[in-house]
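One structure coming up, written as structure tokens, with questions to follow.
The first chain written gets the first letter, and so on, giving A, B, C and D; residue counts start at 1 in each chain.
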Amino acid sequence: MARIGVFICHCGENIGRTVDCPAVSAAAVRMPGVVHSVDYKYMCSDPGQQMIKKAIVEMKLTGVVVAACSPRMHERTFRAAAAEAGLNPFLLEMANLREHCSWVHADKAAATQKAIDLVRVMVAKARRDRALRPIRVPVEPTALVVGGGIAGIQAALDIAAGGKKVVLVERGPSIGGHMARLSETFPTLDCSQCILTPRMVEAASHPNITLMTYSEVESVEGFVGNFTVTVRHKARYVDPAKCTGCGDCFNKCPLKNIPNEFDAGLGMRRAIYVPFPQAVPNKPVIDAAHCTMLQKGKCGLCAKICPRGAIDYKDQDSLVKVKVGAVVLATGFQLWDHAAYGEYGGGRLADVIDGFAFERLASASGPTGGLIKRPSDGKEPKTIVFLQCCGSRDDKAGKKYCSKICCMYTAKHAMLYRHKVHDGRAVVFYMDVRAAGKGYEEFVRRALSDDGAEYVRGRVSRITRKQDGTLVVRGADTLAGRPVTIEADLVVLADAVVPRPGSEKLAQIFGVGYDQDGFYSEAHPKLRPVETAAAGVFLAGACQAPKDIPESVAQASASAAKVLGLFANPELEREPIIARVNRATCAHCRACISACPYGAAKDFDVLDRAGKVLRTVVDVNEGLCQGCGTCAAVCRSHSVDLDGFTGEQIHAELNALL
Amino acid sequence: MKTLGYYPGCSLSGGGIELDLSVRAIAKVAGVELREIEDWNCCGASAAHSLDHSLAVALPFRVLALAESQGLSEVLAPCAACFSRLKGTQVRLTRSPELGQRMQELVERPYNGTVRILNINEFVASLLAEGLAGKFTRKLGLKVVAYYGCLLSRGEDIVTSDDAEDPQGMAAAIRVAGCEVLPWNSSNECCGGGFSMSKTGSVLDLSQAILDEARAVGADLVVTGCPMCHSNLDMRQLELLKRRRVPGALPILYLSELLGLAAGLEPGALGLGRHFIESRQLVRGGA
Amino acid sequence: MKTEKADVPTPTTFEPRITAFVCNWCTYAGADLAGTSRLQYAPNLRIIKLPCTGRIDPLFVLKAFENGADAVLVSGCHPGDCHYTSGNYHARRRWTLFRKLLALTGIGDDRLFFSWVSAAEGQKFADLVNDVTAKVRKAGPFQAAHPGRKA
Amino acid sequence: MMKALRQEAAKLLQEKRAALIIGFAEREGHPALFISKPEDCERLFYDVSCRQNLAAYLSKPEVSARRPVAIVASLAALRSLVVLTAESQAAPGQVLALAVDKDAFLGTFDVAGAAELLRSKYPDLGPEKALLERVGELSKKSVVERAAFWAEEFAKCTRCYACRAACPGCYCARCIVEKNAPQWVSTAALGHGNYSWNIMRAFHQSGRCTLCGACEAACPQGLPLMVLNAALDREALEEFGARPGYDPEGKPVIGSWSAEDDHSYMR
């Protein structure tokens, strides 16, 4: 006989204001199976929890319904309390009186009636709850980090430092990411490569880290603690085991004029190349799309030159499976393509460049050796217009959101420019200056006061090019309330930060959510900012939202802490919401096997004592089942049921709404 | 034979008659029939919308209702202002069902919103799709700047076939006509529009800037699709010449005229002789 | 309260009863977001929470109607967003056929609603509930004579 | 035709390629005939009035115990055989079909052969025109009229489950209607239980029904069950390109998906 206790929370006034909690309590006590009902100001408070625990013991409750906030908020809290009082935690249910009722309805009578209904439904469910035991699965203590930028490197180093193995997968030929492309970093103006390259080397040489560059994640199977990830090693055409990185090959390759992606197309590379001198691993790859040997079967110069015979034109992509227990996604960002803005030249004006191009111009190791020269004619620009919010905060042609890092790097660009070209004029168009960070506001102030950057509040309406190559920048100074026209030699657009191409596909592979712009969704915007809806998959860096370096590094370390926490136990407890098959009634039509997204439903032979197959039915693998219940719904005879959401429970819930 | 509804509007029977002549001529070459909407009325440009919003919608509404009742599913409005008024009304109607109800009562005609309205660029594109290019016989070899102005590039949901900030809708046609399209900065700068009479000084300044830029990039002529732009660049150019503010005459042609020339038609038949700035010398033996 | 004109029948206002089957990860969370955003919507909907729309057997819908619901709403994750990767795709296929069958036997699309509401779409959820409630209010009580109704 | 059928059946028994032949008897109603001796094959009969789908016997334990078995199979029954194979209900290599089409005997086929025959010779079997017209007429009515129509029809249902017994697709060890904890479908032969039963019977066949018509033929009350089956068949074809009974390794329509599936009705 069920003995259900109902605990109704006022949540201060959050519920009590629109729901008559004593009336709900009075109604609850008359519901079938309910032996105890009480309302209280704050059920989640310590006295509130004590009240529940005491009632469980004293009233010998067999089930509990807490009518309070969303179960997403406090179900764990209350289930833990129930467990402390000796009640199986899965015998406790929550009715959502706050998010689903008091906060969304103003009419007290209607809200109270709905609250009573919601409680009745959960009482009906709780009466049919069965004690469930958490499922324990072994954890493979190796982490996969996807993306070898600063976030991925940091996460890998931290996990490795914690004594666990890491596989670091990077799409490009070298780790380092965008940070390796930066000249100096705000707000300290320290050299980006100087602080990054030691980390890159450390990651490559750490005994716990396996580096897989020029590789991409192909597919994923399994679940938290037990992922099997298939990684595609793209053909490098250079055997890294033989290559010493001497550089003879890429110094001799006859194809000299391939725009180098690393230099934002401002510098050139060969068909066999390392993207930049400090690359890790410092071993070249052949760009098959450009290589004459691979395209037309002619040349072969690099193979002839290589003293170690490391060149292999027959190299092919290979697939490697790795077993990991957790995943950190750190796939980063790229800049939005301003070609969508016809008013800024539609991407056709050579001297209208993006922030990365300027970084490469300002970088001592860049294509100009750190001299600011404009791309069209190599002339040193005497006036540069910097334009913030290019594509950001524009929901028509661009992106709705603020890209967060542009205010700071634009101030940095203006400073770097003025440090290099003392008589140059740096004009910054801005909508607002958002410099919320340690030392950030001071940095922007310095750009203004010490380095003479001219800040104009307003938007640029049009950039045109005169016949002599001068760029005419027309815009508005909204503080002065008048149009402005500036003749500039170079324009730097602070293009919006957007996710990397393919990020949505990767999210689907890992079962991670993403927003309308393609940024990965965290499990909770405030309380679980590095986790995702997919258990065991964590986020680091700008793949989640625009972030600067310190934020990316902080999140990377946070995700590493999450991974190490997960790996701290050899086994993992999982919610026991899994499907079960009634072997006696299963007709083995195999619809559930076809439907199961996890391959958890499998054929199962029922044997007699002699080992002879009597019948074949379906069985569900507890480790693989994630509890979606799709199998239960396709089973015509209801021979599959889902623990925690059984047919009997749903039937009872529906009858409670009669 | 494809049939298009035709809305000439006032301009094409007055100051912009060259546009009417040349549009009809190239339609004929392409084998497209233009059927003039019977009993059409003024579209309301440029004054109605500054006087009375109901009137500004009611006038085009009646035109569209007539076209629909006459079985015309597509209507060409060569004048950019007419196009903007007709299509703008269509957009307003889709945004507000009540407006349609009100207009129906006012005009005493139903309109179900089925008419598709084409501007000159979209019309030319459809002629090219019908195989107009195959009928081009004359090699023009001219350097052209395409001038769109505002009404052929702007208006949310009105000019849907082109980019407001970087219009390209004429480029393909000009290239097919054997001409080079020069990149320039003034393709959708303002010509002064309706201030031609009231603020002639401003119009002269604006038109001059456009002509200067066209000359600077080395254009032989400016191609436009709008009678208002044409009048500001063509007629007002006389004044600029008189005041020696421009160094020489620069012909201004309608897109349809240029295509007519490419199709081998006589300049006079296309209306080239009616411009203020002589343009017949652009084709050999034309002048 | 008794009115003096007892012989004049007072028009009873019809309050639709709507049963919603929603998934835990998207629409339930979207409804939570509507709550945390304090969006007001009609109080006529009762949610039955399931892990995934893939769990919803058409029998649940029939039972809801049988038990007096004037309308049923099924809502889950957008395509591509299913927490279980494909439960919602399975559900979609099921509903495509089942709604056809119900329409043919007298339960039309003024009674049976489907939607995708993500965890981020609190506003959409509130709008949806209001819209469904308004539609069902307009459609009136689900006729007692329907064969799918408990007598 | 009959002669060829009888000879072939006798040969199968003689050559031990079949231990049991299931066919039709000549007498009134053409009930199923179970034959294990070659000489009894003379009693086999077939014409278009034989409405039973003999594939329905394949999942019965009494029959599966006497494999290999051969059935006299109309085109619809051939499709049923393919569906049952896809759903692991007919052991491949253990079932043969003596295929018949109206007044022609087509030969003996195993499952793969039957599927090949269907694909090559009868690639687009579907509801007959008259049946589609019935669906069309009903679809034209208003929702309220349709409800009234079915209220009247379903009211006649006595819940004898003859439709279920006749259907090769209804092979569950325990039908959902017999599950009583919880009892989703009321067993009383009354309004809502009758509605749920008939709706779920049709829905459980969606994407699987081969339109043999055995259910409607078996119904003593004359319920127009094929209208529901045909409507679902067309819908599954239009929406998912589903043609059940052509691929012995095909995935179930309900139990698979495509990213391109329509969801225009979802908001």
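In the analysis below, contacts are C-beta pairs under 8 Å (C-beta built on N, C-alpha and C of every residue); 3 or more make two chains touch, one makes a residue touch a chain.
Quick caveat: nothing in here was measured; it's all calculated off a predicted structure.
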### Task
Chains touching chain C and chain D alike, please list them.
A
## Note on the structure
Larger contact count among A-C and A-D belongs to A-C
### Inter-centroid spacing, chain B versus chain A (mean Cα positions, whole Å)
50
### Summary
CA centroids of chain A and chain C: separation to the nearest Å works out as 33
### Whole-Å separation of chain centres (CA-atom averages), chain A against chain D
50
### Task
Would you please write down the residue numbers of chain A that are in contact with two or more other chains?
595, 634, 638, 647, 651
### Message
Give me the residue numbers in chain D that touch at least two other chains, ranges are fine.
### Response
176, 184, 254-256
### Task
Hunt down the residues of chain C that sit against at least two other chains at once, touch-wise.
63, 80, 86, 90, 94
### Query
If each protein chain is taken as a node and each touching pair as an edge, is the resulting graph a line, ring, star, complete or other?
other
### Message
Per the touch rule above, enumerate the chain pairs that touch, sorted by label.
### Response
A-B, A-C, A-D, C-D
### Message
For a test of understanding, state which residues of chain D touch chain C in their complex under the given definition.
### Response
135, 138-139, 143-144, 146-151, 154-155, 176, 184-185, 190-192, 194-196, 199-200, 202-203, 206-207, 227-228, 231-232, 235-236, 239-240, 253-259, 261-263, 265-267
### Task
Would you pull the chain A residues touching chain C in the complex into a rising list?
70, 72, 96, 98-101, 103-107, 110-111, 113-114, 117-118, 121, 504, 508, 511, 513, 515, 521, 533-534, 577, 595, 597-598, 626-630, 632-634, 638, 642, 644-645, 647, 650-651, 653-655, 657-658
### Query
How about chain A: which of its residues touch chain D in the complex?
584-592, 594-595, 616, 634, 636-639, 647-648, 651-652
### Message
Using the touch definition from the top, list the residues of chain A that touch chain B in their complex.
### Response
341-343, 346, 348, 464-467, 472
### Parts of chain D lying in touch with chain A, wherever the complex brings them together
87-89, 171-176, 179, 181-182, 184, 204, 251-252, 254-256
